[in-house]
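Okay, here's the structure, questions in a sec.
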Amino acid sequence: MKNENVKKRLKTVEGHLRGIERMVEEEAYCIDIIRQIQAVQAALNKVNAIILEEHLSSCVITAVRGDDPDERERVLNEISSVFDAANKI
Amino acid sequence: MKNENVKKRLKTVEGHLRGIERMVEEEAYCIDIIRQIQAVQAALNKVNAIILEEHLSSCVITAVRGDDPDERERVLNEISSVFDAANKI
Amino acid sequence: MKNENVKKRLKTVEGHLRGIERMVEEEAYCIDIIRQIQAVQAALNKVNAIILEEHLSSCVITAVRGDDPDERERVLNEISSVFDAANKI
Amino acid sequence: MKNENVKKRLKTVEGHLRGIERMVEEEAYCIDIIRQIQAVQAALNKVNAIILEEHLSSCVITAVRGDDPDERERVLNEISSVFDAANKI
């Protein structure tokens, strides 16, 4: 997928992360660092949500409407597995 | 959906939860109670995964292969929204 | 720990869970069931937060102010382990 | 806090994140991108766990053993709030 919104958000997260590295370097207070890392994680959740939404409205529709039952199953299993993984992080 | 596996798992969770209520009643150690509640939450994640998998392989396929684009969109938006919510609990 | 607020909340969760079992029995829509289970999980997060807060302001203070360094370490390691587990559900 | 282990891990995460940006640039498969982002989130959970552990065994012990009840309460409330936030991402 190629998505300018996603790219911009990942760039922002990268900048945020570099800021956190500086905080560690400058011996900032632990709890402040944890909170910033949690903010990064929330931002990454948002990125995942955007990618999933795009995926559902393109690849998934194509596969499910297509004639290949294996491909259909594969694509739907991926959704399940990504959902499972989301629950474990 | 009607799923004996899901029903049995929910019954087990209910029993587990009653056990936790007894622990609170008997003034068990806080951390032990938290760990049991976390076990219940993991069990509920598993139930959600099972339901989602069944949903993907039935309703979602029907809607996406159907002729109604609004229904298709509705069903796919639901997947996104459930994924978003999973990230927030 | 003995906490009427926690007990009441767990009772409410138990009732909520029985409602979800009925939904499954009556073949409710998958996504509606998943949403209700997610609401139960959020309610259990709240219960865990309450128990942890009470634990921090009682047992943890006692252990950390006490004279036994092993006990102190044990109690603080428990906090870490519960935090880790929370990240994995 | 100044912790070489934490700094190294954050550097690694930053590299991982840049790899993901390249994947988006090169239009990699959505699900593969989501999985890499989930791996980053898991790595950040680990960093948070390490920071919290260090915090518990230093600042928290100092505050709880200290003579200032307000400071004690503040430090313990922070633990609760970080735990709450962890449950919401």
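Going in written order, the chains are labelled A, B, C and D, and every chain counts its residues from 1.
Quick note on the criterion: contacts are C-beta pairs under 8 Å (C-beta built on N, C-alpha and C of every residue); 3 or more make two chains touch, one makes a residue touch a chain.
Quick caveat, the model's predicted, so the values are computed rather than measured.
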| item | value |
| --- | --- |
| Contact-richer chain pair [A-D vs C-D] | A-D |
| Same-interface partner of B-C, chosen from the options A-C, B-D or A-D, over half of the pairs matching | A-D |
| Averaged-CA centre spacing for the pair chain C and chain A, given as whole angstrom | 27 |
| Chain centre separation in whole Å, for chain D relative to chain C (CA means) | 21 |
| Where chain A and chain D are represented by their mean Cα positions, the distance between them in whole Å | 16 |
| Chain B: positions in contact with at least two other chains | 45, 48, 52, 82, 86-89 |
| Complex contact set, residues of chain B against chain D | 87-89 |
| Residues on chain B engaged by chain A in the complex (per definition of touch) | 45, 48-49, 52-53, 56-57, 60-61, 64-65, 72-73, 76, 79-80, 82-84, 86-88 |
| Complex contacts: residues of chain D adjacent to chain A | 1-3, 6-7, 10-11, 13-14, 17-18, 20-21, 24-25, 27-31, 33-35, 37-38, 40-42, 44-45, 47-48, 51-52, 54-55, 59, 78, 82, 85-86, 88-89 |
